[in-house]
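The first chain written gets the first letter, and so on, giving A, B, C and D; residue counts start at 1 in each chain.
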């Protein structure tokens, strides 16, 4: 039905007494996500908008049975929040926070216990339409269906999902993996998960300049570890070298991370690359039709 | 945040990494004083971030208080450019350092390896030139090694890199020690890049950092007030400085060389917008991401910043409604634009998301051109710029 | 190497851990000056390593330049003893610190957990008394947490310890920050123990280290020249100082209260020798391990050191030959003893290993009592001491 | 036949160009141990006493096929040497060096790759009599046989082995685990290994004051994870609290590590504790005879 997230996930919000945390706790709740409470150190015992507040993730997990956490704490404290969740036995940690120092993430990733799925940071979260939404995505643009989507972008993701939904193409799970250089879940992780998800028939990969995550995804297709039909889009084809385009991770440097290399990598494994987001629905229909004939 | 050579060398010296003796100055007079106090064969180096200063004449030699005048005069105020950045950068300071008696030039850097999510050491016994050039002409001469922050750096790692890179046996221990200090500095300074090129071996067998290229992670600067004095945000680009002052992030505004001003919400969407404008035959004047929320006051600042670029001939605002309804977004945009000085004639807005039709109606009521798709908006903006 | 309270607090302060304002002095006059410059309710604390100084009268109060004289006079030069160390220790300095308005006393320490091979944090919301007493009377009030050096300390660890120890919610963040600084200090100083007892909560809700107990790993001191000034090796025991000077390790000589001098090669063997002497009804005067090699010159120094203890009435040298042949060892011992002043009448040597019989023959030729077993040697040594 | 070490182990010596390293390389070689060469950074390519010298352990391993390393480098560099060996694929690392800072060992143990067996530091090494000797023990006191021995001490071990040998009791493997507070291999590791070694019929455990390694060994016996007959000795019964008796790890502090607690722990699991080393051979004969009758 979906990857990483379904209707059963019980979610806590780290930083729930903050403006953003509380706002999105309410939105997630309204979408139907099981929001079980939140954590703000030193504010345990309070209740905000009906959500129980705990001092530590351990306590929140023990009292609510949550297995998922979404993090809205400020950048200096976010890596700590990730490890708190991960070491408290949370299985899916989604970090929304933008602006975490790269070195905090290098250390946090190195310290992450095995088996914990971290999505983000600097990501919009993930949605399994009709089941649950964890993060800050606008729930109403999603529609249940059989196309998976994984993206390094936020708004562009909503835009593409909106286009898909309007074209009648529903989604199994949409994952915003985030725009930072060091992120927990990368394209290949999602592709492996989508490969296993029976319900997902095709995947849209929304990449951008910087790093080699798209090339790694293409390799996974080349080695037949991912075999479902896919469509890609690469943002930043017109970006000059050496400039960070909004996302800390969107930078071409030392000849690495060019849009051209990514487009070519997908081309080499016969993944059609859309020139603009508007082309994506038609390309998805085409690959689905082709797969149906095969 | 990138550091000038002299700043990087100061950082290296504090970390215990050997650097040549030197001093920085912004004046010819002081250059003379420096050479008077330490008359020795020296190098006068333009302090700019741009590459290729050597080819551009930004590195000259001298040996006493007299013969430093001419190179100092020539370099101070020199505009240094290269192919990637034809506009170039003015050298406001020179770094005068004692010349090394160099036997061999090697290469060493630490940066972030995104694929392994770890720091990566790149080393070569061939240095002094662009490492990408070495990678191209002599890939076997480059050793790359990621380091797990959980187990950290240990001297044997440096020794094995030195061995693998076929560095002279005599510098193995020095190399390992310098790499250890560089690794510690990488974390303690929150660096994205620490590069020593060349890492020189002097005739008497000592390793020394002959150049220093340093980039610090902007997101980590709040932990480093010691770098405040070196912050040059927007020194090269006043518009970027205004964007940061308006509350946007370091990466949210990027100045470009075209004439179509671009504002959008979300980095991915803005990148896609730039691509759409480029595909439509136009040239983006900038990248400006107002962020997810796109509040009216921030939008007004964004319009002011983008349109104060004299090259900008048309403005394309591309907003995806997201959580907020399209009509609300439109009202915010109208409020933002009404206070500004930018003519609505040279403006096109593409608005999508919930209630997008209602939103477009609001815009059109106020005489603002509204389009349905990103590609259409790009075409209109490019046409407007050409008019 | 253990630090005095004032040294520990200096270390804490440098690491950013809050400590009360205070100054150290070795004279009454300076104590008066200190109180004149900062007249405030203060505590005058004897600077000794021994426990129980409070009960012994080593902590007194004052509030101005006048009333500091009497406590300073009383404490400076005071000999402070306890049950474990009846000989005690003389207070050569006092630490005068401003009194805190304390609401609650807690406990925090980091030490080495041998079983997990990791640093271990011990914390309690009950402090101000011996933690072993708390462990006995109120074990539930103590939280122990090992920290993996590979993943390091993160603030959430401190928060969860504070929570588990039922510390007041208001100090959770402060506690976590102090623990982080203590953890960093543990590694940066090479500490075996960092203990804050009590970790006080003041009436205005601030956490502050009201005492400081620090032990530094002697093996790591070579990395810490900054501690050289604080080295008091042998200040309490001149014989230990001589042993270190002779080239033995910090732990190779331990002064004890008995009358049988003991020298052996290998720590385990010497410990077993002490036990054998004790079993035979004697009391060891010392532990002295000359190490595996037992070279003649070192053996001579060892004999000199042990026998210059006026309590020593007999000397037992217990050597296992190991790699070296017994006769060679015996010749070395003879050479070592011939130069010294210790009478062979009060000496017994037990020698074993290869060629042990030949070795014993060599000793006996030189009029030195040689025995076959450790237990026999112990009996002889105890008898000699009683003569 | 033995644990950890047999006639097949190929050994390299880290610090082979040092006085101690070279001396013991020759001794080990004379004992019959397969000494394949040594490592001293910067001296690669030389030959000392016929032993090839390499710059790195990786190189030494690649060229000689060594799987065991014994370390004789000075304390400031020893933890690094341990990790160099462990990360070069050496399976058994024996560290003789005394005086390594505790914090170096805390970090080194935390960084040790899984599956690597570290013995020591501050240990005399190990001997599988008649097969191989790695370390500094006097080989001639050992005799092949069926009694395992594990000890925190050096000289005392030789003494006890000498007593056993004179009593006609041979040894399978004797492991000196070292006298430091933080050591790689502890009593329980050796007991588990001896449990599996068919040839070992009984084990002598030579403990001393400090830590809880002996108590942990007793627990292993209590849980029947170690079931062979055993005899123990505890050194330092007369040592006062708070003093380090020669070994950095031989200290009673905060009521932990007393000889009494250790003697009681062994007593509780019916392991006879010798009052003096001299009693050990007779005790071993008794437990062997008892086991033979059972």
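Just so we're on the same page, a contact is a pair of C-beta atoms (placed from the backbone, for glycine too) under 8 Å apart; a residue touches a chain by one contact, two chains touch by 3 or more.
Since the model is a prediction, treat every value here as computed from it, not as a measurement.
Participant: Which chains lie in contact with each of chain A and chain D?
Facilitator: Per touch definition, common to chain A and chain D: B, C.
Participant: Quick check: more C-beta contact pairs in C-D or A-C?
Facilitator: When A-C is set beside C-D, the one with more contacts is C-D.
Participant: Measuring centre to centre with CA averages, how many angstrom lie between chain C and chain D?
Facilitator: Once rounded, the distance between the two centres reads 27 Å.
Participant: State, to the nearest whole Å, the distance from the C-alpha centre of chain B to the C-alpha centre of chain D.
Facilitator: Roughly 55 Å, centre to centre.
Participant: Could you check chain C for residues that touch two or more other chains and list them?
Facilitator: Correct list: 150-151.
Participant: What positions in chain A touch 2 or more of the other chains?
Facilitator: 107, 110-111
Participant: Have a look at which chains touch which and call the overall pattern line, ring, star, complete or other.
Facilitator: If you draw each chain as a dot and join those that touch, the picture is no line, ring, star or complete graph.
Participant: All pairs of touching chains, please: list them by chain label.
Facilitator: Once each pair is checked, the touching ones are A-B, A-C, B-C, B-D, C-D.
Participant: Under the stated contact criterion, what part of chain A meets chain B in this complex?
Facilitator: 27, 75-76, 98-107, 109-111, 136, 138, 140-141, 151-159, 162, 179, 181-182, 206, 208-213, 216, 233, 235-250, 254-255, 275-278
Participant: Mind listing the chain D positions that touch chain B in their complex?
Facilitator: It comes out as residues 41-42, 44, 55-59, 77, 79-81, 83-84, 87, 107, 110-111.
Participant: Quick one: in the complex, what on chain C touches chain A?
Facilitator: 150-152, 154-156, 159-160, 163, 169-170, 172-173
Participant: Spell out the residues on chain C that touch chain D in their complex, using ranges where they run on.
Facilitator: Contacts found on chain C: 84, 112, 114-115, 117-119, 131-132, 148-150, 186-187, 190, 192, 217, 219-220, 222-223, 249-252, 254, 256, 264-272, 274-279, 284, 287, 289, 292, 320-323, 352-354, 373-375.
Participant: Along chain B, where are the residues that touch chain C in the complex?
Facilitator: It is residues 150-151 of chain B that touch chain C.
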